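Down below are the structures I want you to see.
Same chain, two partners: chain A is paired with chain B first, then with chain C.
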Partner chain A sequence: MDSRKLTTRVWSSLSSGLLCSAPLFVLLGLGFFGPLALVILYSVQPRGSFSPFGTPTLENYRDIIEQAFYLSFGWSLLLAIISTTILLIICYPLALALKRYSGAMADILTLLVVAPLFVAENIRLQGWVLFFDKGGFLDGGLNHLFGFGPGSLVNNVPSIVFGMVYVYLPFMLFPILLGLSNVPADVREAALDLGANKWRIFRDIEIPLAMPGILIGSLLCFVISLGAFSEAKFLGKGVIVTIAQDIESAFTFGQNWPRGSALAVLLIILAGTAVFFAMRKIDLNKVLGTR
Partner chain B sequence: MPAEPIMELRGVDKYFGNLAAVNQITLAFEEGEFFTLVGPSGSGKTTLLRMLAGMDKPTRGDILLRGERINDRPANWRPTCMVFQSLALFPHMTVGQNVEYPLKCRGTSPSERKKRASRCLELSHLPISYYDRPVTTCSGGERQRVALARALAFDPEILFFDEPLSAIDYRLRKTLEKEIKDIQRETKKTFVYITHSLEEAMVMSDRIGVMRDGGLAQIGSPHEIYSNPVNRFVSEFMGEVNSIAVKRHEGGELWCESLGATITPPSVLDESFSQGTLMIRPENMHLVNPGEARSTNVFSGELFNEYVLGSRIQFQIRCNSDTFLVERLREAGMPKSGDQISFGWSPEDSMLFPE
Partner chain C sequence: MTNVYRNFSSSRRDFIRSTASLAATVGAASMIPAVSARADSGADYANDLWERTKAELSGGNHRMELNIHAWEGYTEEPVLDPFSRQTGAKVNPQMLISDPAAVNNLRGGGTKTWDVINLNNAWQRKMLYPEGLITPLDKDKYQPLYEMNVPGFEWPYHWTLDVSGNHLLGIIQRYGPSAMVINSDLISADTVEKGGYAEMIDGAAGKYAILDYENWVIMHACMAAGFTPFRTHSDAEMAAYKDMIFKIFKNAKKVSDDQAALARDMITGEVVGCFPGSVYTASAARNEGETQIMNVVPIEGPEETKTASHPNGRAGIIWIEVTSLVANPSPTPLADAFLVYCHTPEAAYRVGAKSPGTLNPVVQMGSNDCLSKWSKDELDAIQWGEGGSWLGSLVDRCIDFDINPDYDAMHDMYTEAKRTRGS
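Take a look at the complex of A and B:
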């Protein structure tokens, strides 16, 4: 009797939890795990195959190693590291400054940061191309006014980094803001009162307490810039090739789905490793204030 | 000649916009005393304390430490330390790391740090086994002790307290009040404590300053302030009190309209006195037994409520439109609700505040 009651109770509490998370499971199943399984399956098919059910082979991975794809991996990794670092350096002081404002001013500043997100990324990047290109807004304007201009500022690696920093800024800024909200003003004051100077407060109090937010922001930016595509395509105009571009051309121009899938699997492993190491250091419950 | 005060305030003002949070405060703390600033919420206590600790700067006036002006000296350069209302412990550190922090800032060696931090934990009655515990796993009372130990580790010349006990349950608060007082006696340091609780102020302090609307209403020993309040505000703030509106009456007596009777004043009336409030503490009121001969300040009314306060009992007596509180020791044969009883007070136990 008692054990039956207990079972019912366990079931009812379990089922309410399951029920609430069911939409998420369906979404993850259809939109994430399904395609992921398909990609993994395709990555072990023979070259140029369009069926996921051929004889498994590792030839695509061998091709990738033999055909210098490490260059694109290297560029993607380098760009991700550089842009994440620059974003950290820009966003930390920006978040500190934003935290000081409240009310209408804070809303306006937040809106200014978020507003670009309302326009599609490609369009914004094309806008920058028009701005920076030879005879573009900047060069043309200066030429018209003073008779000389900087010429083309696009088609190079720094312009790609600029584009990435510009596009991913909100993804670094808001997690850091969240992290900084875990640094109570009085804790900072207490440290000052106990004799800590500004540098010590920054190092001993602010950074450790804001660390979860900093890590989440860095992780987000690192992972999405690892898969960056449009920045290199539009601002770089082929000066370098990122891994995301390789994957795209394998699927479209190359019509080699297995190779594209194998590249995608390697990219997922790279990003997954970063996520794994960062998540071990983050207590999500603490960041979101649920505990 | 009295010793130089350890800290002195001269005409200190603090304005937030047009609002004077602290208004013309002149005050001196003696070396080694336990001084409590007490006052209702919004009376400027915390603002004042923040200026003393160096977290805020006064708008006008000077703050002196042993005669030296320190207005512009930031908190990390002052030999003072504060226990925050929120305690402001470092949540990512252990108990030991919290307590060691001020020593670390000063560059003390790790072995010396550990020695001194342990000593401070002992002083604040926290077992040494707590040393390596994350501070977030401590209970409210334990955190209180960690905060105290951390401030002691700083070894300040003056220790400030910003209502640290306000979030703690009654029994633990009583224990901690006494412990704080004991630590002050043991370390012989100057403690400046703020609270809105009169009881806390009375238990711990050598001197009390009562604050009201950013100013100091009265400074004195707990006894002085309790028995000789300078005005009605202080008198009412320092505890329950019976108050009656009175006017000057012929023959140096007072007239109370609501009682319809003359009352003998505490002392000879001032020339200028025309009307005011007469106040008597409930414990200074007595019950008058039938047949007892008393001529002055005796009234009768209906006893309509009794509150038992442990060893004492409080009677609420209705007399015309007034209600009086009379507090006595509990004993056998006390009157019951509904009884008609007589009560009164000795004129010298009353306090008269002109208006």
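Take a look at the complex of A and C:
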């Protein structure tokens, strides 16, 4: 093939690829990179700025260091780690059960997991507040029946973790299910025939093969937990402040858009770092079955 | 009526018993001149003006959409539906999240979107009008409507006029005293009123909640620290504020911006009261029969608020909402019509009594045509008292809401106090 023909062919396939991906690039540019650039620009504006194009300053980052914002970052990070760990422990056996039960039972279990997603998160959390609070369904019901109750079970960190685990459960469960679909039944049987016990099958076959799904689920839950807001607000009732609450306060009552933007940039860096390291471990082609 | 606040195990509040518990407060309030509702040139004028306004609208060729940016009450069906029905307008309401956010919304180009803006007083006179974000009203048209108002809100009213006094910047309607809200079965109203904010912050440490409307927490923390928030503060005062705001958060049992949840917490005894709190914090619970929940304002205020007419000073802060016309480059007469409509006795009553989750007094309750629409329970919900004397006594202990020039620095301290409260 002469070189001119080859160039034309490469260019033709390249241009058709560019053409097909153009809508996505435009969408990402406008909907993702545009706002991201705006947030970064605002984060280096002085307090009181409502334009992103003033003289840049790092004063917002200095204030963040000086005003104990590490506490909010710390709580968000800790809550994300704890809730992701608990979700892993809960969702793995649940995913196994869903995989093994086929037919109607699996459909019912899936429906039970998915159904809460049709109700707004805030409403579901308010429902738990009414359930756990003093004089609520649990305390009031027990008092009514037995003359004693546990009092308020909200307004503490465990109740926030409970809320996060409850809300983010589907985001862990379904990626693990996807990962477990990479574990062929005949591989397990072969291992059994060769004398492997259940623990060894779990450790050496199931976990490695399902790992992409587990990592995706963990990553997803970790990142959205980092930005968790409602759980601390409704169930925590101010016992701690998450970084998302600080960002909201800066943008609303604080009317300090640059401060809010600087906090958001730091949160993005934190989440981005987690994504970067996790993605190095994931082979997306394998997860999606394209290789 | 189903009582949404009542817990599962306790019995319904005996209205008479709680009324008796208020006797001391109401007794003290009897020193305040009662509101004598007038019958009723102002209301007649309002109704007549509304009819004329509708007639003028019907012939006009103008935009039939009205965009309202307002606090709750002005954004709900009980108020908006009759207006839409009578004018044929499509009303697009958006509720405020805070006064400063709304001001910056207008600064950021919101004048092209909004036709009507409803904010607490001071913003209009000090920022919105000087910055050209709102337009003046026809003074001659609106002045007779002040005949409807309760005492203290007569023409000319400071917060609706510009600095020169020549331009009318909006209408006034809802108002309310703000200080603290308590469950008087758990903590004595008399004790709190005499002991002041310290009675809650120190005396009820670990037993009160913070109603987390951030700017209001800051304002009342200043009052608790012994000075008003509405002027520039010295370094010593800023230090005193910082100590106070940290203590307020450290001593609080919980923090929430959900006033209904806090009312429920007060009823169940989870907390004895909340800081800060206004009539709007207590009114929905009171309207359900939980009349032990009440707004209280300390009797003695900071030194700088003491005057010959108020030798004990004023410890609370009164908010007054002002509704204005946005300087929209494509205005619609519907905006001005909406302000007229709000003065009709029926609409004024709906603004005060029919917004979801809260009831608030309106200045038009000085008109008998408006006042007579309120039921006895609704009046008790807003702590009206005999002839308005209870509410009047609370208002009398308040300074007017204004703009805090040190808000930015104080907000930084507020957020730091909130973050570190558990550490």
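FYI, the second predicted complex is superposed on the first by the 275 of 291 C-alpha atoms of A that agree within 3 Å, B and C clash if a C-alpha of one lies under 4 Å from a C-alpha of the other, contacts with A are read in each partner's own complex, and residues count from 1 in each chain.
The rule we apply is simple: contacts are C-beta pairs under 8 Å (C-beta built on N, C-alpha and C of every residue); 3 or more make two chains touch, one makes a residue touch a chain.
What you see is a predicted model; the values in this text were computed from it and never measured.
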item: Clash or fit, chain B versus chain C on superposed chain A; value: fit
item: Which superposed partner A:Val167 touches (first chain B, second chain C, both, neither); value: neither
item: Touching partner for A:Phe137 - first (chain B), second (chain C), both, neither; value: second
item: Partner chain(s) touched by A:Leu266 [first = chain B, second = chain C, both, neither]; value: neither
item: Partner touching more residues of chain A, whether chain B or chain C; value: C
item: For chain A as apex, the angle formed with chain B and chain C - C-alpha centres, to the nearest 10 degrees; value: 150
item: Smallest separation in angstrom, by C-alpha atoms, between chain B and chain C in the superposition; value: 47
item: Footprint of chain A on chain B - complex, ascending; value: 53-55, 74-76, 80-82, 84, 86, 88-92, 101-102, 105-106, 150-151, 154
item: Partner chain C, residues of chain A touching it in the complex; value: 47-48, 50, 63, 67-69, 71-72, 129, 133-137, 139-141, 143-144, 149, 152, 155, 233-234, 237-241, 246, 249-250, 252-256
item: Chain B contact footprint on chain A (complex, rising order); value: 184, 186-187, 189-197, 200, 204-205, 208-209
item: Touching residues (chain side chain C, partner chain A) in the complex; value: 7-10, 97-98, 100-101, 104, 107-108, 209-210, 212-215, 252-258, 261, 264-265, 267-270, 408, 411-412, 415-416, 418-423
